[in-house]
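By letter and in written order, the chains are A, B and C; residue numbering begins at 1 in each of them.
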Amino acid sequence: MGAARLTLIAALAAVFAAPARAQQPIIGLITKTESNPFFVKMKEGALAAAQHDGVRLLTAAGANDGDNVGQVTAMENMIAAGAKVILITVNDSKAIVPAIRKARAKGILVIALDSPPDPVDAVDALFATDNYEAGSLIGSYARAALGGKPAKIATLDLFPGHPVGAQRHNGFLKGLGLPAPPKSSNELGRPPQVVCMADSYGNQSKGQAGMENCLQKDPDINLVYTINEPTAAGAFKALKAAGKEKGVVIVSVDGGCQGIRDIASGAIAATAQQYPLKMAALGVDAGAAFVKTGKRPTGYINTGVTLIAAKPAAGVDSKDVKTGMSLCFGKRD
Amino acid sequence: MNGSVLQAKNLIKRYGHVTALDGADFELRAQEILAVIGDNGAGKSTLIKALAGALIPDSGEIWLDGLRVHFKNPIDARRAGIETVFQDLAVAPAMSIAENLFLGREIRRAGFAGSVLRMLDKRRMISESAAHLAELRIGVGTMTQSVETLSGGQRQSVAVARSAAFARHVVIMDEPTAALGVKESAMVLELIRRVRDRGLAVVLISHNMPHVFEIADRIHVQRLGKRVAVLNPREISMSDTVAVMTGALRPQELPAASDQYLAR
Amino acid sequence: MRVRLPRPATLGPLLALAVACVFFATQSDRFWTGENLSLVLQQVMVVGVLAIGQTLIILTAGVDLSCGTIMALGGIVMTKFAADIGLPASAAIAAGIAVTTLLGAVNGVLVSRINLPPFIVTLGTLNIAFALTQLYSHAQTVTELPSAMTSLGGTFRLGGTSVVYGVVLMLALYGFTWFALRETAAGRHVYAVGNNPEASRLTGIATQRVLFGVYALAGVLYGIAALLSVARTGVGDPNAGQTDNLDAITAVVIGGTSLFGGRGAILGSLVGALIVGVFRNGLTLMGVSSVYQILITGILVILAVGTDQLSRRGAVA
């Protein structure tokens, strides 16, 4: 008799608990790709924040960096599933806008994370790294690290036309004190000090090939800007094979744990660390607040970027490797 | 079973409700050209496929050289010495004449090169191909040119030469002159005669009555899934033959000399 | 054995490569140096090996869209087995190649026995391999590899230039494949199955076995490419190979092999890979924007397919 009653109570509890869960507000997170640890970390941060805020998180990603259609489809599916908030790191800043507008017309809150759409006011709010500022930080560091020596620069960029790639690249030039295109430009600046430019697609192997070819073009390159840390690792390998790793400064952006380890080992001189966890948490919190109170976040919130370097450079504020490791994303061990 | 190279009795093949072969018989004698004619749906191609091993009849018997045979696939028939020249020729156009002749039966070099390195004896394949084609008096340039550079008639000749080279008893040809012009057809027909003269028996499926009458020794008429007559082209006219084929004329009505199939 | 001129299929791409080299040599005096050319060879060695497998498959009128991602999975497996599990390098490498061969065999079974179109099958395997790679690696590169694993990235001196061992392996693989395709029955059967599968079946060639064989063998080659990729970069990179899927097909097409099957020369694919590598290297030396590299690759592909078609229309009576 006791067992049967317990079972009955348990069953009833389950039945009542289920709708309670089903009534949780739904927030959708759409990242660029599944293959970048930056976005993997973002998803983790979002999931943790969602649990804390009592909301249900749906996640999706594009098939690759640049896949717009996959993101549009994911957005439609999430809205159909009842999502009231969409957090998205856009793959294509212009092409995603119609889908965002459609969603907002339905009253859905859309927040962009990490990468702005174009125009940026297509979304309700943007929580992002200022990629231009990130570039500028490492540019200033590089300027100080070179100590007055004339710079011979190689840039290993993402690929043509990508706003994040352009902002980091141009910010770097600005930080160096060279003429540079403004933040809004998608074109890569090329002052005469930049002797070589190559595309890495953010990929270590292509970064290595780009550095090899640039070294062939001008063996006296003393400063290398890289779009992200895997590219920097590839550049370092090429420099090492050519016996030039001691005399060349490599700077990068991202602040992943592997990248911080590379700074500790001396492969990378400095990196601008970003905070995907923070972006995601802020986004989920804002979404939860919207669902509960109807308050819409607006404008641009800078989630911060920190310069991490093993050796501080004169006149430039940076944090050390230990700080970098404590805040990094990716495999800590 | 008396001097007949290939014989079949009472073959039956049904596809659902359709009966393609309804107790069909067949007899091919040594060193003859037997034409197989019949209207569409008469069971001509089904009969030929059964003989070539391309399909397995539901019941009936087939004998090759007096021995009972059961072909499960075309390769079985080939191994027994029956070669078929298909309507689409079954050649690889980008590959050379020599390669096509030995396709699936390539010769390997002797010794270490052949057994361990698995190297082909290209020189031998080229010279043997040249010999086979010369024997049939086929005039083609070099064995190393690709088949697609040949004319339709030359391509057909290469396919015929392939069958003749490897056949030990029977060569079956499915519409060999269908796609050819007058001059090339004449060339191929002459070639078929030479194949017979070399000692092989030839089964020729054709819709082309003038060609049939030109080279066939006997004509097997297929109708409604059965063999209804075996005619002598020297004793019967083309129009009568067509009439037997369509059923307008019954074999019983023919004079004895023209019809050699005496069972009714 | 008489020495033969390269067949027309390879002559065109060779000529294009020669013209490109002459052009870049005039534009930059650093191009035609042993050091630079050795670099180009290193840069194409991974795609070069992928292209061998791709050539075999395209010769049978198939295509393999998954080559690069299968390679990435192999690379992650072999590096994680060595770095995380602590297997000796040779065992870890064998495991990686076993995984790529298995996936190649899966492609082979689906194409040869279930008769699914290769484009669709390999599109599926592409995604499956990619997902498995991301899941197993947690999107992290694998570092701290035993030196034995990257030994193919080491160099030896050849007349004043450093040559990477991996390049020699790539050239050797091309040599073996060239020999097999030219001189053995199995190699000729690959051509026959691609040129006319029905004729092959009717003349007694085990077409299913041939088709399965090329996909499975390609899987082995993808594993070797993974080892070369690991040796070159020194890490297991889960993002390796994503552009290599199409790069390998590009190399094969530029090299003169027909997508319709049955025609083409394996050495053409090496030339095709070299052409792409030479352009990337040369244009960077000239300081030309990378956008033009992409544009030129596209033009080369169309030129290659176009000349192949036109030359054949001229040859056939």
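As a working rule, a contact is a pair of C-beta atoms (placed from the backbone, for glycine too) under 8 Å apart; a residue touches a chain by one contact, two chains touch by 3 or more.
As the structure is a computational prediction, the values presented were derived from the model and not from experiment.
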Would you mind checking which chain's mean C-alpha position lies nearest the centre of all protein C-alpha atoms? C
Centroid-based (C-alpha) most distant chain relative to chain B: A
Indicate the whole-number Å distance between the mean C-alpha point of chain B and the mean C-alpha point of chain C. 45
Dist(centroid_CA(chain A), centroid_CA(chain B)) in Å evaluates to 72
When centres are defined as mean Cα positions, the distance from chain A to chain C in whole Å is 32
Residues of chain B that contact two or more other chains, please. none
Multi-chain contact residues (two or more partners), chain C: none
Which of the residues in chain A come into contact with chain C in the complex? 34-37, 40, 64, 157, 159-160, 195-199, 201-206, 208-210, 212-214, 216-217, 230, 233-234, 237, 258, 261, 330-331
Per the touch rule above, chain B residues touching chain C in the complex are 74-75, 78, 84, 86, 88-95, 99, 103-106, 108, 117-120, 122, 146, 148-151
Residues of chain C touching chain B in the complex: 183-186, 188, 191-192, 195-196, 198-200, 202-205, 262-263, 315-317
Seen from chain C, its contact residues with chain A in the complex are 28, 30, 33, 35-36, 39, 42-43, 46, 130-131, 134, 138-141, 143, 229, 232-235, 237-240, 242-243, 280-281, 284-285, 287, 289-291, 293-294
